[in-house]
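After this come two complexes, each holding subunit A, first together with subunit B and then together with subunit C.
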Partner chain A sequence: MNSIVNGMVNGRPVPPSRVRGRVLAAVALLLLAGLTAWSAAGIGVTLEVFLNASRIGRLVEESFPPAWNFWPRLVKPLLETVQIAILGTLFGGIAALPLAVLAARTVSPSRPLYWLSRNVMNVLRTMPDLFWAMLFASAVGFGPFAGSLALTVFTVAVVSKLTSESAESIDLKLTEAVRASGGNWLETVWFSVLPQVLPQYVSYVLYAFELNVRASTVLGLVGAGGIGMVLNTQRTTFQYARVTMIVLFIFAVVLAIEQLSAAARRRLV
Partner chain B sequence: MTARALGRRRGAMSGTAWIGIAVAALAAWSFSGLDVSGSRLVALPAMLARMFGQFFPPDVEYGRASVVPAILESIQIAWFGTLVGAVLSLPLGLAAAGNLFPRASRAIKPVLAAIRAVPEILLAIYFVPVVGLGAFAGTLAIGLHSVGTLAKLTADVVESMDERPVEAVSASGGGSASVLRFAVLPQVLPEIVALWLFRFEINVRASAVLGVVGAGGIGGVLLNTLRYRAFPEAGAVVVLTVVVVLAIDAVSGALRERLVRE
Partner chain C sequence: MTAEGSPAGSPAIRFDGTSVVYPNGVKGLDAVDLEVPRGELVVVVGLSGAGKSTLLRAVNGLVRITGGDVVVDGRSVRASHGAGLRDLRASVGMIFQDYRLVRRLSVLQNVLVGRVARVPTWRQLAGLWPKEDVALALDSLDRVGLADRAYVKAGQLSGGQQQRVGIARALAQKPAVILADEPVASLDPVTSRQVMDDLQRINRDLGITTLVNLHFLDLAKEYAERIIGLSQGRVVFDGAGAGVTADDFAEIYGRHPTAEDVLEAQVAL
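For the complex of A and B:
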């Protein structure tokens, strides 16, 4: 729409900084459009499939009504799912605390330790939960043990990052007071840092628990235990009425636990 | 503030004890239900060291020929899915803002919550039979889930904006279109675009796992290499994924910082 010629936009002179801004904006837009075109071509985006009503119709027919009578076989896997989430949150929550303290700039005892823990945190956060699940399932074998380990790492990644940010914004006067009265590093952490970050830390752990309940429902897709194992069997054998039943079950439990956890967090903060 | 926090902590001691007991009971229940045991935990470090040891050195040739294209496909899925989510969520999010459209807000918000409650990978399980195996199914799953999250966050941003410009525009006779164009969008758009970028970072991780159900990208490659215990190949997947995600996070994070600061 806007033609930029010799520092003139639409024939009107504009200050050079604005010209540069517009050129930059145009380049950025072109880049984004290029990225989008590249993605669309790579994916093979097409609207044709939506016109293929028969396929959609068949899926709906196969998925509804849900296989209500399938529920007795879902109770135990669903409890297992919740158990995986609890253990992952517990292990991960405990492991996250020391890492968070080391990775908080204002509290960390030494530069190299700060740098190291910060990078460990960043690398842990790059990997999605199901990647950890695949790796652990491959290392220790299929089952919920692999799932709890995956969620442990995932929890460490989430909670340590958030808690270290909270630890960086605490009131340092208390820390100084402990140090001035002869406290060593561990004592300053114990008496000034932990009491100040504790409420936030607990609310982060609860938040991680919500994420973990969600994540634990699909861990079974890669053999890491829980209701996802049942889901995978039904999915690969195209029992979509059962798949829908499982999804509804997951849906109900995720929402219920989220409500509980959110209520607990509200009481905390 | 700190003194108050400390005081509250002391007062809540009995409550803390109850929470401790509840957590211990839940932990015990979970331990007993799963195949977790002390001996397995003791053996764990050695098992992990053995597997990760075999990841190195990663298979460079496999990385170049098979891993890089699959990672690029995951990025394409994340990018296009985020774009679909962004485009659809903007009008929905504005309509879901309680301070602008109270009635529409009450109707839309539960729908958004329902969409958000279904993980992408479950959505992908339904899209695969409709559009076939591959990246397109994954893109639709990412797109739909992103609509749920982005529209909600957009509504949050709009609900916490400065209301005075809205009053100014309507006081000088502007209709709701003018209010949106001159009072709402100018102040919320930078923050919303920052949300889109953040969602893109999340979607890169989400799209990386969709291959597990055949919806394209790197996840299927990792699943297969691990299934056949091809560890140097799996090592290539892990190393390249970490590097690419770190790079995307860095670029997107820098852009977000600029957007919100300006």
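For the complex of A and C:
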């Protein structure tokens, strides 16, 4: 005879019923399938498009082997892409720090300033980098400068948000010690807030740099200069073997920069 | 190194019916009347929650005084705001149980924090401390026997050494008053004595009025010229340190002293 005590049968735990979990999984799958069908229909993707593989096959054929000997002409544009990213990261990183301090609730000197900086931060973050690129292109003309300005804004958005969160989680006891010595707000921030957030801040700036190298490539596609622009030219003139070479080149450099930056960040925090 | 600007005659600190009610309604201090003459070393004892920290923090305005006033060096704490309050705080050094040093900055930079109110902010941000201030900071370190550690990172020092850096930071303010809130509560018995010796020597050599919160009764008796007992925000004992009896302590604590209330009992462990 089975004795059931506290959900135990003969002193052993009873496995929970799996019916509920299976029903939930089935519902989730159906939902996903429905969403896929709905989206595909919406943008006009049909099975036919997938079956039309001959074009894809031709594309692959033309793309390989990569145009290896094309690389010397890529060095300068790629450097320009990286330079756009460096400028955007530096300008943005510098501007992000004061904004982050003002937007950190526990550190901010006044409510109105806190509110204002928070909203500035949110607006900057909501707009995609392409929008800023277009905006600055209208202001200073298409080119690398507009690109680095767009990345500046993008960097401010990313770094200020992350840094202000770090600043909100610092130990405020140290802040009190500086105030007890007669320090004003700026001195208190300088000697108690910044030393505590500095490693994280630098790590966020490096992270933004990694994002910026990639974003800078994309901005090139819309005319901000650098390797993205070369990629676009070769693509529109159907030089697919060169396109492959460019993609490989970008891949190698972006990966290398990411690895270096990530290693530096690991040492920081 | 003597106190800056001390009008002679008046007491160093006068509590004038001082009350502190915290925003949540808790009474920290309840109409305290107390005079501390210049150059005296007073030890404040009382159970945890008796109001010892509140008493000290009313002196430099770290808590809001809600009734009466505290007069430091002839200046009303309650009437001091902004630059006036910072100036008052500059004349009052504070030492904390948890040291409150910037661990990643050098010992010397930490001591220089004691000069924030006396040196233009831009000089601090640029790292251009005036020669006299650096000399004063090194002098202060010398007084606690740590001049040779000036360029070491504060976080690398032992607890006792960090607390002595805290004392040097307070000294660098050239204060009229030093407040020490449980300065040895995180230290072992031997180090506790060294830190108390430092405080006593500074009090005697420089004539700086000193208020120390202590938990251990034997330590209090040993170092205090005068002991003040607090209970529920009120002064329940005020007498010479040497003459305090076990019965007096029972009066302050509402119970007789146990092994936990004396430092030496811990040595035996």
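Here is the rule we use: the second predicted complex is superposed on the first by the 229 of 269 C-alpha atoms of A that agree within 3 Å, B and C clash if a C-alpha of one lies under 4 Å from a C-alpha of the other, contacts with A are read in each partner's own complex, and residues count from 1 in each chain.
Convention: a contact is a pair of C-beta atoms (placed from the backbone, for glycine too) under 8 Å apart; a residue touches a chain by one contact, two chains touch by 3 or more.
Remember, predicted model here, so these are calculated numbers, not experimental data.
Of the two partner chains placed by the overlay, subunit B and subunit C both lie in contact with A:Pro195.
Residue contacts after overlaying the shared chain place A:Tyr240 against subunit B, while subunit C stays out of touching range. Once the two complexes are overlaid on the shared chain, A:Gln83 sits against subunit B while remaining clear of subunit C. Shared-chain residue A:Ala67: touches no atom of subunit B or subunit C. Put simply, more of the residues of subunit A are touched by B, taking subunit B and subunit C as the two choices.
Of the two partner chains placed by superposition, A:Leu172 touches none, neither subunit B nor subunit C. Once the two complexes are laid over each other on the shared chain, residue contacts for A:Gly183 go to subunit C alone; subunit B is not touched. When both complexes are aligned on chain A by C-alpha atoms, subunit A residues 174, 195, 198 touch subunit B in the first and subunit C in the second. Contacts from subunit A toward subunit C in the complex involve residues 173-174, 176-184, 186-187, 190-192, 195, 198.
Considering their complex, residues 1-2, 5-6, 9, 23, 26-27, 29-31, 33-36, 40, 44, 47-48, 50-51, 72-73, 75-77, 79-80, 83, 114, 117-119, 121-122, 125-126, 129-132, 134-136, 139, 205-206, 208-209, 212-213, 216, 219, 222-223, 226, 229, 234, 238, 241-242, 245-246, 249 of subunit B touch subunit A.
Contact residues of subunit C toward subunit A in the complex are 60, 62, 86-90, 92-94, 96, 98, 100-102, 104-105, 113-114, 116-118, 121, 124-125, 169, 173. Those residues of subunit A lying in contact with subunit B across their complex are 35-36, 38-40, 42-46, 49, 52, 55-56, 58-59, 63, 79-80, 82-84, 86-87, 90, 122-123, 126-131, 134-135, 137-140, 143-145, 148-149, 171, 174, 195-196, 198-199, 214-215, 217-218, 221-222, 225, 231, 235, 238, 240, 243, 247, 250-251, 254-255, 258.
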